[in-house]
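Quick one: this structure, given as structure tokens, is what I'll be asking you about.
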Amino acid sequence: MRVGVLTGGGDCPGLNAVIRAIVRKGVQEYGYDFTGFRDGWRGPLENSTVRLDIPAVRGILPRGGTILGSSRTNPLKVADGIGRIKRTLGELEVEALITIGGEDTLGVASRLSDEHGVPCVGVPKTIDNDLSATDYTFGFDTAVGIATEAIDRLHTTAESHMRVLVVEVMGRHAGWIALHSGLAGGANVILIPEQRFDVEQVCTWVTSRFRASYAPIVVVAEGAMPKDGDMVLKDQSLDSFGHVRLSGVGEWLAKEVEKRTGNEARTTVLGHVQRGGTPSAFDRWLATRFGLHAIDCVRDRDFGRMVALRGTDIVRVPIADATSRLKTVDPALYEEVGVFFG
Amino acid sequence: MRVGVLTGGGDCPGLNAVIRAIVRKGVQEYGYDFTGFRDGWRGPLENSTVRLDIPAVRGILPRGGTILGSSRTNPLKVADGIGRIKRTLGELEVEALITIGGEDTLGVASRLSDEHGVPCVGVPKTIDNDLSATDYTFGFDTAVGIATEAIDRLHTTAESHMRVLVVEVMGRHAGWIALHSGLAGGANVILIPEQRFDVEQVCTWVTSRFRASYAPIVVVAEGAMPKDGDMVLKDQSLDSFGHVRLSGVGEWLAKEVEKRTGNEARTTVLGHVQRGGTPSAFDRWLATRFGLHAIDCVRDRDFGRMVALRGTDIVRVPIADATSRLKTVDPALYEEVGVFFG
Amino acid sequence: MRVGVLTGGGDCPGLNAVIRAIVRKGVQEYGYDFTGFRDGWRGPLENSTVRLDIPAVRGILPRGGTILGSSRTNPLKVADGIGRIKRTLGELEVEALITIGGEDTLGVASRLSDEHGVPCVGVPKTIDNDLSATDYTFGFDTAVGIATEAIDRLHTTAESHMRVLVVEVMGRHAGWIALHSGLAGGANVILIPEQRFDVEQVCTWVTSRFRASYAPIVVVAEGAMPKDGDMVLKDQSLDSFGHVRLSGVGEWLAKEVEKRTGNEARTTVLGHVQRGGTPSAFDRWLATRFGLHAIDCVRDRDFGRMVALRGTDIVRVPIADATSRLKTVDPALYEEVGVFFG
Amino acid sequence: MRVGVLTGGGDCPGLNAVIRAIVRKGVQEYGYDFTGFRDGWRGPLENSTVRLDIPAVRGILPRGGTILGSSRTNPLKVADGIGRIKRTLGELEVEALITIGGEDTLGVASRLSDEHGVPCVGVPKTIDNDLSATDYTFGFDTAVGIATEAIDRLHTTAESHMRVLVVEVMGRHAGWIALHSGLAGGANVILIPEQRFDVEQVCTWVTSRFRASYAPIVVVAEGAMPKDGDMVLKDQSLDSFGHVRLSGVGEWLAKEVEKRTGNEARTTVLGHVQRGGTPSAFDRWLATRFGLHAIDCVRDRDFGRMVALRGTDIVRVPIADATSRLKTVDPALYEEVGVFFG
């Protein structure tokens, strides 16, 4: 049996760990052959492949990025995309396709599998942790760790100089990274896309923090927005990860806070640093287990399914479950954390 | 209302984060006063206390250890221990006691609460992750991260010199740290206390690894034991953390492997380095949430209960549940991971 | 004898290590008393002090920032500044003043010492490493380490997505951080303030790098400028560290490269993260030795002098030597490193 | 022109950075071809080679170990060793040999060059920093950083439990790693091979530290020895790095201190973890510059020479200078640091 593997969307620490686990178990335990498709859906569309065997996955566990390359190519938006994919799979005698990706990549896999009879298995990937049906996705823990370390570092500067430091972290639609890193880093204000924020409230928190003679750190998700629509972002074009570019909400907020409170305020935009580099131990564990279970789905011919984390177990759910709605921060959880604001 | 807090047993990254969350929420939202008891159960036994208020918990989130100190003092083994504790609580007008600790500390809290009417709330703590009733305990992720980083570093030496490297990690009764760090670090053999190992099998894996021209890394939990009882550990006295001292199974195994395979083998014993220093972001998140929910138990007068992690939720369970049996590695999980051995 | 200590200018990892060494040796070996002045020159101007003894310096070795606080207050620009400082020192019976700071702080110390008979000893501090008369200053190694780790992380994203990543690092007048972190991180282009760069040359390097099928990483010092003056920075106001604010050369360059080469380009501005947090081992070593030698200068009544690193030795030089000219990157060194460009 | 490269002795973070710099500059600027010899002197002895060109050195800058492999093979102890090496070089038309190694490897290179007309250039390598003629060697800063981080972590455990923690670090003949990491980590006692220590003095320091209600951390170099010869190390056999095996001075000392002071004492032996993994930014900088200057020596046909660091400059010295005597810790420096003991 020959199994295809592809990675789609923005890169995420742990992708290589998934690939390695799939190949190691597939070859050693089930005797499968593998075809790596290059750059997400572009691979099967254009019959662009990468050798994928045991030697190819050696040493990749601790490496960020993906040895298969990635892209945002969407075959549903390409003329005869489905047909071309089916022809490639037929020519290469690929009998099953493991797709590792986020909402877009899995959305295609779901339709391919459910509507076009292409035997797909999904592995969820989103650094923002906003995919439904799984407790966590790999890459998220790494990103939170990097953001937390940055916040740790900013504390000393904030306090030595008594200034407001705004840290803009990833999270276009969901505030998970902001919430986790802000809490772990001891931030005094955390702003997330799920709840429009009130600049005056932020200023009140900032001022009260100074009164306790500590300098405030404000963590803001890139997708967070002020309540009253008074925000005019000059450069809101998205990059190909779907993240806003520099000159975003963090910088806007720093200027507002400075203007309204009279305290000097500065912004740090962590940007792509959050998604690069070696995965955390947790992400390697999770990604590896996802890979081991994905290849078991293939063996069981359990297609149209995605692996997911529930507590400490890996379970299987319909791919469509992952893409049906975004997993956002529960207002009750946000309120729970709010005890540390100000 | 006055609430007492104590930390018992071996220290663990995240203890201070729990304490901080309890005090921040207790003071700000419920208007409670706090008494910190020094050095675990020794505190209420000897009326030894520490000031515990908002200024006392400032800046402690990222710090390892515990500002309250810890000990292994067991009041059940002290003459009139229960009586002395009750008298101290009475004198200080402490109406509820939050006990942060492992099997021993919580065992006492459970009996105090259930049999002697002392209103206790438990917070689970074990760096080995071997407490039932909770998916994870704080400190474990930090320990796994430290062990994984060490294994990452050993790879280059192993391969530059073609030698066997044995890494002994914590885990007296359960192999969680070995399993997670071994998998995350790409170890070729992982040995855990739950399954006696066969030295010949280890040698076979080591030899096959060399044949693939890679040098093997063996991760062994300090509590792992060989099958055939041929192991004679000279210095098996436990330290006050309940861990075996140096000259343990790691060193024994390296000598056996060297003797039987002819390959040079060396041991690294990570020891206390695994339990010190700043907690990981995950552990700060988990510890903080445990603290927030523990003080809510007090507010709800929901005593005899322990906070626990289930998936992404914090739940409450009877303290006795945590101490009734050890959470060990499921054989099926160990087998799942075994695909990477050899 | 009573000795005053102050820290001026932007904060820098290692300041606390200097303070600790001064106090530990001063108290233990020479029996001195200490007065900490708060917030740089503002302290002696306004008689604002901090207790400074052995307990005050406990545990500060690994902490970033400065327990004395800092400011950019310049007493030469304050009415009767010199007079007020002399009066404060007289009232407090401070017989010697150790000033830890950069060009500005040391410039004042030099004039106080040489022209006004105030017995000063200088300790050089600049995160940019641009002070003459010393091989290195503490904080620089930490900043280079943080920038290098960020570049390491960006590699995987650059290569998984084949895009240009621009990293803007500190360095207003000197390119030391860019040069060291760029070289250590394997950057393909390094741009420094000492040499105006040619955007077309940068584009040529970027393009040639893509041709070798690797994605380029461009490290640019915040003070680097293009050759042809075609750069219009909108928001060139400096912050109180003397660094340019966001929307600087990094973002400008990414847009130019994207426009001219057609390759997607993104910017990361590391900002204040580079100067915060725990100092590296090297910086703790250097800062501690500076402190030990500074208090020896006091004991020797060797005033008007600054401690400096020469090879592995700590030497004493006139304070004026440090402030006479900036230590910039030698063109020959920049050329040496240029072999890795493109 | 064809240039040979080999790495000998224990591995060291930065070896790959040297190799990369040599090849990048040699190929790009001078048009040389390269032959990599496998496993130190074994390579030219047995004509065992590795392809060494630009693609071979891609991505190796941040990797520990050496892509050429290493060994302790000494051709002076092999029958007709010199003759075999000369024949291999002749057959392969290798006209110059760059040898990267420590005292032993460079000792051979020196004799080959001076007595047998083999054109050698040396690059100094010792993780212990004990080679004369150079201020620092690469790998040392990385090792110090790892040891310092471990000591940082141990502080919290020491203080939460009031116990003595002994950390044994590398350093068979010189105490540089102990001195630097001990100082940077805030150790209370540092013991080095250069000065026999008095166990009673250590106990006095330990006890006085407890009296100040802080727990002591003792850093001991593996080669440190007690004064009175009362130490009996059971297992003093050296491993192939020339380091003592486990059950060394650290464990012996912990037992003595425990026995004599009554305080619980524990040992951590960092071992091979100190020499593995990614090099620090400083070590990558130093290693790269060594490589760039080594290939310049070849171009200048300046053989029998070794590159070395003096201040911030790379200079050339006779290889024999490096091997003539060990660079040990100056007693004055040890005394300077002693202010922090106890």
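By written order: A, B, C and D. Residues from 1 in each chain.
Methods note: a residue touches a chain if its C-beta (ideal position, glycine included) is under 8 Å from a C-beta of that chain, and two chains touch if they have at least 3 such contacts.
Given the structure is predicted, the values throughout are model-derived calculations rather than measurements.
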Given chain B and chain D, the chains that contact each of them: none
Furthest chain, CA centroid comparison against chain C: B
Chain centre separation (chain A, chain B; CA means) in Å: 30
Euclidean distance of C-alpha centroids - chain B vs chain C, Å: 41
Distance from the mean Cα position of chain C to that of chain A, given in whole angstrom: 35
Per-residue multi-chain contacts in chain A, two or more chains: 152
Touching residues on chain B, where the partner in the complex is chain D: 10-11, 13, 63-66, 69-71, 146, 149-150, 152-157, 159-163, 165, 239-240, 245-247, 251, 264, 266-273, 275-277
Residues of chain B touching chain A in the complex: 24-25, 28-29, 58, 61-62, 135-136, 141, 144-145, 147-148, 152, 180-181, 183-186, 214, 278, 280-282, 284-285, 288-289, 292, 310-312, 336, 339-340
